[in-house]
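All chains are identified by letter, namely A, B, C and D, in their written order; residue positions are counted from 1 within each chain.
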Amino acid sequence: MANFKGHALPGSFFLLFGLWWSVKYPLQYLSQKVTKKSHRIYCFQRVDAIEGGIKIIFALIGMLAEQFVPDGPHLYLYSGENHDWVKLMNWQHTTMYLFYGLSGVVDVFTYISQAVPQGLDRLMLSVAVFVEGCLFYYHVLHRPMLDQHIHSLLLIAVFSGACSVMLEVFLRNNIVLEMFRAGVTIVQGTWFWQIGVVLFQPWGGPVWDENDHSNIMFLTMCFFWHWAAAVAILAINYTLAYWYVRQQKCDTGSQAAFLNGSDEE
Amino acid sequence: MANFKGHALPGSFFLLFGLWWSVKYPLQYLSQKVTKKSHRIYCFQRVDAIEGGIKIIFALIGMLAEQFVPDGPHLYLYSGENHDWVKLMNWQHTTMYLFYGLSGVVDVFTYISQAVPQGLDRLMLSVAVFVEGCLFYYHVLHRPMLDQHIHSLLLIAVFSGACSVMLEVFLRNNIVLEMFRAGVTIVQGTWFWQIGVVLFQPWGGPVWDENDHSNIMFLTMCFFWHWAAAVAILAINYTLAYWYVRQQKCDTGSQAAFLNGSDEE
Amino acid sequence: MANFKGHALPGSFFLLFGLWWSVKYPLQYLSQKVTKKSHRIYCFQRVDAIEGGIKIIFALIGMLAEQFVPDGPHLYLYSGENHDWVKLMNWQHTTMYLFYGLSGVVDVFTYISQAVPQGLDRLMLSVAVFVEGCLFYYHVLHRPMLDQHIHSLLLIAVFSGACSVMLEVFLRNNIVLEMFRAGVTIVQGTWFWQIGVVLFQPWGGPVWDENDHSNIMFLTMCFFWHWAAAVAILAINYTLAYWYVRQQKCDTGSQAAFLNGSDEE
Amino acid sequence: MANFKGHALPGSFFLLFGLWWSVKYPLQYLSQKVTKKSHRIYCFQRVDAIEGGIKIIFALIGMLAEQFVPDGPHLYLYSGENHDWVKLMNWQHTTMYLFYGLSGVVDVFTYISQAVPQGLDRLMLSVAVFVEGCLFYYHVLHRPMLDQHIHSLLLIAVFSGACSVMLEVFLRNNIVLEMFRAGVTIVQGTWFWQIGVVLFQPWGGPVWDENDHSNIMFLTMCFFWHWAAAVAILAINYTLAYWYVRQQKCDTGSQAAFLNGSDEE
C-alpha cells in the first residue's frame, strides 16, 4: 500500500519485534550466566515457538491487509480484460510477508520436533530478510530521487540484518549478534515510520521537495540518528534486564540452593 | 542454444540434482543422528562418487548438444573465411558445462583416492558455479531489459549458491548449508525453465512485451515464488526422509543390536 | 568544516590512535607471550578504559568544534526563516563524531561492569567506522572528480577497517587483526591530512587542477605510499616493543621468580 | 611499461610462483600426512624464507625495469619544467612491485624471528595482491572497451586471490586454500601473457578490433579456459607430488624406523 498505513504497519511489526528482542536476548544471556539450570533454556525455547506463532499472525495480517484493502488486488493477479497485471505493488508486499510467515513456520517446527536441524530457523529468517531487501531494491529502482534514497538507506539496515542473521546459523546464541539483530530491527521499524512521514505527511504539513539535495543530506544523517537512538534503547533495556536478573537471583538464592539437586541436568 | 531447449536442458539437470540433494542430505543427516555406524558413511561416500559420474555424463551431454545441434559450431572456433568467431554463445555454454564436468571428475577422484584433500570437491563445485555466474553476467550485459533482468535474477541464485558451497569447504557436512544448496539448485532449475517459457513461448501464446515495466515487476516477484516453492519441496522431502529413517530404525532395531559389535569403528 | 582545519583535526585524532595502537598491541602481545601473569591483563584492560575515555573527549572536541566554529550551525538544525536546513555538512560531521563517542562509552562500560558481553565494544567501534564510511559515501557523491576520488580512496581504508574490527568481535585479541586496525587507522589519519593539503593548500602554492587526470593517477598511487609508510611505522614500533619487552624480562627475571607464587592465577 | 615486455615480465613472475606453489604445497601436505617428523616442517619453513628472498629480488627487478627502461621516469616523479607528473604508469607499476617486495621482507622476518606473529606474512601478501587489484581498477577505468574488459577479467583472479590469502591468515596450512592460491596465481601469470599478446601482437598479426563485441565474448570465455588449464596443471603436479612422496616413503622406510628415536619431537 503506497500510503502512510502501508509503511506504519510493517514498521510497527519490526519495531515490536526489535524491542522484544532487545529485552529477551539480554534476559536470556544474563540469566544463563547466573544460573546453569536447563529448565530456563527450555523456557526460552518455548518463547521462540510463541515468537514464531506471532510472526505467522503478523505475516497473515500483512498479507490480508495488502490484498483486501479497498484498492488492493483481492487475490487477482492477472486481468484478462486489460491484458495487464493487477496491483503488482501489493503483490510484492504480500510476497515479503509470505517469507516472514515461512520463517515463523520454521521457528514453530524447530520447537515441536527435535529432527529439525539447528540453525535452519535462522537461515529461513535470513532468507526472509534478504528477500525483503531484494524486492525493495528492484522496487525503488525507477522512483524519484528522494524516494529512492530514503528506501536505499533502509536497505543498509535490511542487508546488514540479513548478514548478521546468516552468521547466527553458525554462531548460535551469540549475544553480540543477537543485540545487533535487535538493533537493526528497531532501526528498520522506526525508519519505515520515517519513510511514511516523509513521503505521505500523515499529520499534514508541506510536501518534501524531492529535488532539494539538502533534504537528501538531512535524511542520510537522520537515518544514523535512528541508529544512535536504537543503540540507546538497547543500552537501557540491557541495563533493565541486568537489574531484573540480579534481583531475581537474590530472591531465589535460597530456593535455588534447595532445588539445585532436582532439576539440574 | 538461444531457444527453449537450450534452457530446458540445463534447467532439468539442475532440477534433478536439486531434488536429489533435497532427499539425500536429509537422509544422510538423520541416519547419522540415529545410528553411528561407519558402514553408512562409506555408503554415502559411494553415492558421492556416483553423483560425480552423473555430473560428468550430464556435462558431456550438454557440451555435445551445444556443439552439434544443427546451428552449433561443430567444434569450429574461428572461421578463417569470415575472419570472425563461430557461434560464441554455444562455446560459452560449452565452457560452463566443462567446469561442471571438472567438478564431477574431482568428486570421483575424492572417492577413489585418500590422497585428495577433503574439501577440494566442494571448492571445484563452487568454482564451477562461480564461473557459470561470471559467464552469465557478461553474457547478458548488452541484451534487452527484460532478458537482462530475468537472467540477473538467476545470478542471485547462482552467486548465493557459489558462496554457500565455498563455505562447505570449511564446514563440511553442515546440513543447513547442504539444504540451502539443494534449495538454490532447485530454484536455478525451475528458473531456467521459466526463462525459456518467458523468452521463447514453447506452447505458443503472445510474446512478452520487453519494455513493459510491470512484466519486470512480476518476474522479480515470481522469482521469489519459485524460492518459496523450493522451500516447500525441501520441507516435504525432509519430512519424508524423517519418516523413512524412523521406519528403518524400528525395522532394524533388533538386527542392529546384533550387528553392533562387528561393524562399529 | 570544509577547510584545512576540518580535515587536520580528525586526521590528528586518527593518527594519534593509530600510532598508540601500533605500540600498545605489540606490547600486549609480546608481554603475554613472555609472562602469563594475570596482573598484566588487568593492566591492559585499564588502558582500554582510558582509551575509551580519550575517545569520548576527542568526540566531544570534534562535535563542539563542528557546531561552534564561527560559520557553524550553533545547534540550529532547521531555519524557519529560510525554510531550509542549517549547515548540514557540519551536522553530518557531528554525527560521525557522535558514533565514535558512543564507541568510547561502550569501551568504558566494558571495563566497569562484567555484565557487558565481550565483543560489544568492538561491534560498536565497527559500527562507528561503518557509519563514517556511509556518511562519506553519500557526502561526496556529487562533488568534483578530484574531490570525489580523494575521498573514495579514504573509503578503502574506512571500510576495510570496519570489516577487520567486525572480525575482532569473534576473534578477539588476534594480534594480526589488531596490527591491521592500527595500520588502517594511521593511513586514515595521514590521508585526512593529505586531503586537507590537496584541497585547501594550507601553506599556499598553486591550486590542484581538478580536471587533470594525471593528478588523480598520482593520488591513487600516493594513497598506497601512505599505506607502505604505515607498514614501515608498524614494523618499527613492533621492533621497539620487542626490545622493550625483552629488556623488561631480563630486569624482572629474578623478581618474577620470587613473585610467581603470589600473583599467578 | 605499456608494451609486451611490461606484461610478460610480471606474467612470468606470477607463473613461476604459481607453478612452484602447485608443487610445494602438495609435497608439504602429503609428506606431513605420511610422516610426523618436525625436521620436515623446519625444512619447509626455510623454503618459505628463500621464497621471500626471491620475492624481494623479483620486486627489485620489476621496480628497476619500470624506472630505468629508456622511456621510464628514472626516479623523477614531478617535472618542474612541464609542471606535470612524469610517467605515472611506470610509477604505479613500481608501487605494485614495492608491495610484493614488502611481502617478501615480512616472509624473511617471519623465518628469522619467533617474535613475528603467525599470519602476518599472509596478511602482507593479501594486502599486496589487494593493492595490485586496486591500482589496476583505477588504472583501466578510462581505457578503450577491449582493454578495460581484458584487465577487468584479471581483477577476478586478483581479488579472489586476495580474499583466499586473507583467509589463510586464520586458516593457515589449509591445503585447499593453498591450492586455490597456486591456481589463481598461475591464471594471473598466463593472463598477463594473454593481455600482452592481445594488445601488442609481439609476433605480428592483425590488431584486435577494439569495438568488436565478439572479441570481448571470446576473451571472457578464454579467461576461464586459462582457469581450466590451471586446474589441469594443479591436478598433474599434485599427482606427481603424490608419487614422489610415496616413493620417498618406501625408500626411507627402513631408515625412518632407525632414525625415529632421535629427531622426533
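Note that contacts are C-beta pairs under 8 Å (C-beta built on N, C-alpha and C of every residue); 3 or more make two chains touch, one makes a residue touch a chain.
Every value quoted in this text rests on a predicted model; they were computed, and no experiment measured them.
Rotating chain B by 90 degrees superposes its CA atoms on those of chain D, with the angle stated to the nearest 5. When every chain is reduced to the mean of its CA atoms, the largest separation from chain A belongs to D. In summary, the pair chain A and chain C forms a contact in which the copies contribute largely different residue numbers, shared numbers making up under half of all those used.
Between chain C and chain D, the centres computed from C-alpha atoms are 32 Å apart.
Between the CA-based centres of chain B and chain C the separation comes to 45 Å, rounded to the whole angstrom. Listed for chain C are no residues, as none touches two or more other chains.
A ring topology is adopted by the chain contact network, closed into one cycle in which each chain touches exactly two others. Inter-chain contacts, as defined above, occur between A-B, A-C, B-D, C-D. Those residues of chain A whose C-beta lies close enough to touch chain B in the complex are 84-85, 88-89, 91-92, 95, 98-99, 102, 115-120, 123-124, 127, 131, 134-135, 138, 142, 169-170.
Residues of chain B touching chain A in their complex: 29-30, 156, 171, 175-176, 179-180, 213-218, 220-221, 224-225, 227-228, 231, 238, 242.
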